[in-house]
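Labels run A, B, C, D and E following the written order; every chain starts at residue 1.
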């Protein structure tokens, strides 16, 4: 009873997408009667994240849930946690193989490159030939993989189609507008999350191009849901973060209490949210979806 | 005897564990030049800063024209007609001559509810006052940093004279000046005094003090050694008082009495 | 006549569009005190900074003991035996007295290939030299910022005397000092000179200069007005030369000739 | 200008001064560096990106808005810097004010005008606290505002998460519908003029999409109006009023200024408050325009404000500078940032350009300043 | 101490001085604030997180390593700050050096020792360039190094993306296998001691996974060794050598120092190079330990270095400070950061704590410094 787990993410403090996971672990914690602590490196520096994992295992929790934002960096600390006998579940970015190599129980998540590639294939089917990938977080490796996957799915070179947009919405907006004015033949847009999706929506609206460009995004938010309904956004890649937070807590609790654990990794995504399946999603977008 | 313009009674001032002034009394009357003399660290600058509202005295009273007053800030003292030229000049090299001249008392012109700086007036007055002090400026918007030391000193004095309606305090205005500049400053003091302004003049140089002073007060280690009136005291006596007497005698001997 | 320790010939120095020195010649012999006089901005400080290696002259020659030299930095000048007390003191208030005293010439002790500061020696010498100047320090690791102005001045002079093997330059050492401190400095100059050191003494005060000087050179607007030998010139003549003559006369009249 | 009573003839001095050409003299103003920089930058982009749409009406509006953003925070930073202080907490303040507005209006359901009022009051209060700490402790403002950079950012995230479980709070646009104060920050002006212009064929109309038939530019965003107003007011305040003189004096030498009767402490605290005010204007415009506030808004904006000001010719240590210069600095910053996009340069190189421009601008400005002030 | 020749009797002075207690006098040292802070911080966490594993061997190692990281960059920042300058490019330099190592060793296939050498040479060269620009142009180092903050970060991203299409480059660990120089940065020492301790049951052993049977702590990471060595050498350099006196002098008053024969320019440039050296040590340890370099490494580390130094009692404007103090500052920083995790505090509050500690430390240090130096 009252086990203590720690979830370590790679996101900087202010990343809004991780709220869903925070809410999920809170919910799971309440339901299972356990405490789950959320930790992250304040600036998103992965080397700091490794220290946080080391710290977490030094505090002897009943289980650690962590992302594999960079296998190289996190391998050592996670292996040490496993070595100490702490059960580890990996989530979000990273692959099943990496998770196995570390010795984690399982991986709950979505491989970034593949998710991007899936989106790219979808876009190719819709006739996209030139695209712009709005990267609001270019210093994070996973973000670049998404753009690369998208390019691979389309079968084109990424080249300068990835834009380092920064995180300020007004700047993102005006950079998109500048890009589209300078490259009018662009017919596809990929944004990597609400941070870049919202200003992109505003930019398209202002340029009168809403709905004329094939627009895909990662992750969900109320605004994105609305845009899907109104055909401005074609799809959102939903990796169902709720599951990435909720499932590991449930699994670790049951492991601690009854010694039971499923044998395989779980793919929480990619799921594509489109106009067809938006209704259900919308209600909890940003909170549990 | 005319009533003193400014009177300070038993002023004390402590800085943390340093006692800079241990009870100093002083007064200044219209049209007189009262010299404040004393060794390094005697407390002269601290004392005049108290008059000028920069420091608040730890103890003691200040009377302006007989009325007891408490200066909360340098502005209060200025408003009471006390103008000061500090030892370290209080000039801002990056700013223009006009802006420095009027600093803290800028003339304004009203446009309805708005008030703007009155540059034509400010510039004209600055040029005119500097001319009166014997310096023809090229342009009033020249930065003070481009002036020579003597010219800066003059701007500071001209400013104080222009605003210093009743009491003008000069803290060692001559120490860094050449012979000619010094004469100029002393002549100015003389001129200002004749207009009925009370001048407080601080110096290490007994001869400069004797040249213009009506009364002489010597400070030593934060206390007054006494006040003498012009003619009652010789240069040698004053010198001795300032330095504390005996030790100086032997040195004088070896140097031929020319200090 | 002994050979000059230091000789400067036709020195010119320009700062951008300002011509600070327009050809000045000067020399100093062992055991003499050569006074450099002149108005504000005459170029005195610039000239001695050239001697001290701070400025490189735009034109002109410098000879040390007859050998032509080029000072690349203040260190070069120091190594040639020229020690300087600057008008603005060149002391660092946050540092201890010892560290200031030895700044730039710290004594070191070797440990194999390593060299460490020799604090025992540094402290002892500092205490001793200050004592010789008449100041008993409480502790040599006190910060200079906690000393009084006169004490700081003394540290600067003591330092220069200690290192200034052959030529000692003092730029207005007395301008901010009280009567007693001034006597002290003048006595020190006298003492140092008797040890065979050449002293260059800059002052605005003709009396101070006459008290210790052997020769007097007057600068005006970046040029030499000439050099006089002690006894050949009176205080009044010197004063006139420094100020440029006629204008002063009238002022003197109104002020009673006491400037 | 009169020939009488000249005891120290000024003319004699000239023998020791070489000549400066009158043209040079007329040109040397604090803004000279920034003006020259602006010209160079525009010429450059006319050459390399002239046909990319950068100078078409939409393109102009594009970099205009970005420059306006920089200009708004640059005005506050400029006056504060001239008064001799720094504010590193501008970026955190932008995030903080935005969250306050969204929290009060969306989460707590008060009217938007009230939320905006609360944000301004709180932000200006924090600005005053910054200033109070600086003048009271005598600490460098670098340290004090660095502490607030961390404290405010932490509080923003903490407050957002603990009240709404989110770091982005949306829905402000809906709440602001019909709010008169909100329109002051998020609306557009001259809408009529622009549709008339479009009808005349002077500007394009959308040809497809949901807005087909409307003009491509349907008005001047209020953020540009705010920027212009702040720049003009700031310039008048600084150069034409008594208070402006006090700002220069406080930054030039605070002891000298306060000895001369300038209320230095009041000036400095007010400038910290102004800096907070400008940050809040920025935040409000952004929140109203985008309809959401996020805890990470404004990251590194303090540096961008300082860079604009310094490109504009102000002296980092105070006492010298110009609001017009700062505005030109913001313009250069905005044009370069957007221009590189129009020119199709690899976007990560933007930072390299920015750094190089900063260095060049500052070297040029230093040279100009030394000529003006006789500094050595 | 002798009674002879005393023309200005010192004893007379005392009449105007109130007494200071000898205890107070013995205690006031630059590090006093940081020492007191360290004690307070440890007591605090012993109380609130004493049973969380924070003071178990792994816990100690955890905050030890974090503090060591801060200490490494704090040493460089401290000496540079005492010499009167700033380096805001430390964080970008960390990212840049890391990418250089990974690029040269992994992407271009040179041996790791060579890559490390290249990184040090390039970084120190850039440090020298920083310093050269500062002394040559007379610009504030804030501006010059701010420019390099942008330039280096931009170059890092650009170089990484244009050569490998990624902002992260992995595989350094494999490349570094058996490399003697790499072991200097990424290895551990006292391995024998720790396995002996584990055999004695004094420290735990891993119970599962590939490392089962090995002790949980198998040595002291080289990064701690580097930190200790740099702190000790820095301290000796600063307090015991002639060069150390020059560092103080250069920062205290550079004109006075150079007039007294101190080669101020050389001192400053060398300190910029030292700062770059420390950043590269940091980057190398990180790259070798984690096996990868990323373009976002070191973000905001410049502030963290400056904060450590300032908590440690140094004066932001130069001329005063202590390496021991800076190291204690780094320790406080590390312990607070990790301790809050151990105590289970909401992590966004960490910044709030940091800001508050910074303010308190700086106020305390200012008070102490004024007592020591007689500053007003």
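Going forward, a contact is a pair of C-beta atoms (placed from the backbone, for glycine too) under 8 Å apart; a residue touches a chain by one contact, two chains touch by 3 or more.
None of these values were measured; they are calculated from a predicted model.
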Next on the checklist: Give me the set of chains touching chain A intersected with the set touching chain D.
Outcome noted: E
Next on the checklist: So, comparing C-alpha centroids, which chain is the farthest one from chain B?
Outcome noted: A
Checklist entry - What is the chain whose Cα centre is as far as it gets from that of chain C? => result A
Item to check | Centroid distance [mean C-alpha coordinates] between chain C and chain A, Å | outcome: 72
Next on the checklist: Taking the mean of the C-alpha atoms as each chain's centre, how many Å separate chain B from chain E?
Outcome noted: 50
Checklist entry - chain D to chain E: how many Å between their CA centres? => result 34
Item to check | Multi-partner residues of chain B (at least 2 other chains) | outcome: 150, 180, 184, 247
Checklist outcome for this item: chain A touches at least 2 other chains through residues 13, 138, 164
Item to check | Overlap residues in chain E, where contacts from two or more other chains coincide | outcome: 7, 157, 161, 348, 350-351
Checklist entry - Which of the residues in chain E end up touching chain C in this complex? => result 1-2, 4-10, 236, 240-242, 244-246, 248-249, 252-253, 255-263, 315, 319-320, 372-375
Checklist entry - So in the complex, which bits of chain B are touching chain C? => result 38-42, 148-150, 172, 175-184, 186-187, 190, 204-208, 210-212, 239, 242-244, 247-248, 251-252, 254-256, 258-259
Next on the checklist: Which stretch or stretches of chain D touch chain E in the complex?
Outcome noted: 133, 137-140, 142-144, 146-151, 153-155, 157-158, 161-162, 303, 306-307, 310, 316-317, 346, 348-356, 358-359, 362-363, 366
Item to check | Footprint of chain E on chain C - complex, ascending | outcome: 52, 54, 73-75, 78, 84, 86, 88-95, 99, 102-106, 108, 115-117, 127, 131-132, 134-138, 143, 145-147, 180, 184
Checklist outcome for this item: In the complex, chain E touches chain A at residues 52-54, 56, 58-59, 61-63, 65-66, 157, 161, 165-168, 170-173, 204, 206-212, 214, 216, 286, 289-292, 294-300, 338, 341-342, 344, 347-348, 350-351
